[in-house]
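Next up, some structures in structure tokens.
Each of the two complexes below includes subunit A, the first together with subunit B, the second together with subunit C.
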Partner chain A sequence: MSLNIDNLWVINIAGLEIWITETIFNTWLIMFILILIAIIARIKLKNFDEVPKGFQNIIEAIVEIFDNFAVNTLGKKLSYIAPWYFMVFVFVYSSALFSVFGIRAPTADWATTFALAFATFVLMLSMGFKHQRGEYLKSFFGPHPIFFPLNLIGELAKPISLSFRLFGNMLSGTIILTLYYGLTPLLVQFGIPALLHAFFDVIVGAIQTYIFVIISLMYIRNAAE
Partner chain B sequence: MHSIVALSAKALPEGRVFGLDTQTLVSIGIQLFNGIILALVLSFILYKPVKEFMQKRTDRIQGKLDTADSTMAKAKELIAEYDSKIRNIEQERMKILEAARIEAAEESKKIIEEAKVEAQEIKRRTRESISEDKERLKEETRLYIIELSSLIAEKYISRNIDDEIQDKLFEEAIAELEDAQWQN
Partner chain C sequence: MESLASVIGVVHIAAAIALSNGILTTFGQSRIVAQAIESIARQPEAADDIRSAMFVGLAMAETSGIYGLLIAIIMLFANPLINILVNLL
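The block that comes next holds the complex of A and B.
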């Protein structure tokens, strides 16, 4: 395990060099597993019982808890964007959980967190203009037009802060665990790291996922109202 | 001829933790694209179908609850109706009993009256019959006495008097006897 995000392949597309990084590969891996689970759930959905149990219970709980959370945070009016954040929620937390198995979390790469934060920024602007129209633009000039630069910077800072918060937190876990594995003798590399993984990957991962999603939803809701 | 997509033959660039360059922008673009693909797949394969399934189940259960509520309401109405009927039946029963009692009393009175009338009639008829029998017996007795007196007198007269005296005595005896009878 190294601190660096390794490059696995370099491909040229029409003269443009593209690095296929460990992050991108791990993202595809996580995507593949999540899609596989989704396909299995979709196949099993036909035989889902009236009273859920086992696998059905887990799937229903994930969807229902997230849907209630998204609808309560966004309101009914904006609930149609919930599927995007369902993906963000599942992907970010899966990334953290897969770290337990030594797979470097894609969210420990700023490119990933910024991509997600940028999507939030785009959604925030589009929801603001869609639901508030001119009022949203006017809010950039309030309470006085002189504040426009500050308001603009404030808005632009949102995806930056959002992406760096998640990136920093996930990277910190990766750094601490890398240091632990690199600096300790082999004897203490069994058992104890499980606690560190449980804390940095499972607990911090869950907290950071929640924070990222709820802040994103709040930005969008504030822009739309 | 070079293909559009090709693996670079150059050595792999060294990894890094963070950078702000074209490759980062490319990575951001790829990750955004990955995110969109994953969101579409998860939404259409998992999120929406599961939500739909749960919504249908909620509607079904709500429907069942509504049906149960309406059935319960109907049952309560029926119970109230039957309670009211039971209460009315009690009143009805009391009314019927009261009417039957009155009818029975009237019937009894009527029967007694009729019995009384009949008894009176029987009594009257009996009295008439007795009276007739009495008259008949009187007549029979009178005739018997006459016959007997006549026989006695005949025997006596035949032994003691002649025919003239006999006839006279006979006539006198008859006259006396008749007077005595009528006076009784």
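The block that comes next holds the complex of A and C.
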């Protein structure tokens, strides 16, 4: 763990430098593990029984909890976008959990969180235009056309505040743990950091993931209704 | 060299000032939680709705604190002004 995001390799493709940073490597590592779990779940899906037990129980419980959560926040009509946010939820939370093992969380890089928040922004605009058509465009001109710049800034600030919120929380945990590892003698680096990891990675990670997803869903609901 | 040192000192003071907006942020968050606990005590059957609304409100109130933290971090680790000053010297 370190404060800076290290650069692992530089790949040259036709004179174009592509920097493979720690963030990209960790993102692909987490993606690989998640895809592996998904493939295992897909293979096991064939011999799922009517009465769930064991592995099937866990998978069904997770999917059902998230489905209920999405229907509650989005309403039945819009809940077809729930799978994307399930993916975001699992990715963001597992990246927070993996930082327990000393892997720098990909969400402690603004590029990752901005990509996720920008996806929310695009989804919000497209859902607004899909479900409200002209009405959505009219909502930008607020109570009076003079409010258009204010409304535009308000909309553009959404992905920025959404991404900064997650980024700031994850980065602060990373910085505090790096300072702890860097400043204390080796003697107290066993056992005690577990408490710090439990708070800054597991608890704060869970709360921030929940907040990221629920605020994204609220933006989308506001735009589409 | 002296001017660089004084700029770095000012940057650290500015980072500390930027972080001090955490006082008001924490105050606002404490009010949200106090109100939420009061409502839950009054209506325990609505606890789930109140709790989710409380978390969203806490996140909204936290935004300004996070902005202050990011400004402090940018000033300390990625300050563009120091590069300009180093180029000038």
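Worth a mention:
Basically, the second predicted complex is superposed on the first by the 224 of 225 C-alpha atoms of A that agree within 3 Å, B and C clash if a C-alpha of one lies under 4 Å from a C-alpha of the other, contacts with A are read in each partner's own complex, and residues count from 1 in each chain.
Definition applied: a contact is a pair of C-beta atoms (placed from the backbone, for glycine too) under 8 Å apart; a residue touches a chain by one contact, two chains touch by 3 or more.
On a predicted model such as this, the values are computed, not experimentally measured, just so you know.
By the document's definition of touching, of the two partners only subunit B reaches A:Ala14; subunit C does not. Legend: residue contacts after superposition of the two complexes on their common chain; A:Met124 is shown touching neither subunit B nor subunit C.
In the superposition on chain A, contact of A:Val92 is made with neither subunit B nor subunit C. Of the two partner chains, neither subunit B nor subunit C is touched by A:Leu74.
With both structures placed on the common chain, the touch criterion links A:Ile220 to neither subunit B nor subunit C.
Touched residues of subunit A were counted for both subunit B and subunit C, and B has more of them. Once the two complexes are overlaid on the shared chain, A:Leu116 sits against subunit B while remaining clear of subunit C. Once chain A of one complex is fitted onto chain A of the other, the partner contacts of A:Leu177 are absent, as it touches neither subunit B nor subunit C. Contact with subunit B, but none with subunit C, is seen for A:Pro106 once the two complexes are overlaid on the shared chain. Counting contacts as defined above, subunit A residues 3-4, 171 meet subunit B in one complex and subunit C in the other. Those residues of subunit C lying in contact with subunit A across their complex are 52, 55-56, 58-59, 62-63, 66-67, 69-70, 73, 77. Within the complex formed with subunit B, the residues of subunit A that make contact are 2-14, 16-19, 21-24, 27-28, 31, 34-35, 37-39, 41-42, 45, 48, 50, 59-60, 63-64, 67, 82-84, 86-88, 90-91, 106, 109-112, 114-116, 118-119, 171.
Partner subunit C is touched in their complex by these residues of subunit A: 3-4, 161, 164-165, 167-169, 171-172, 175, 207, 210-211, 214-215, 218. Interface residues of subunit B, counted against subunit A in their complex, comprise 4-8, 10, 12-18, 23-24, 26-32, 34-35, 37-39, 41-43, 45-51, 53-54, 57.
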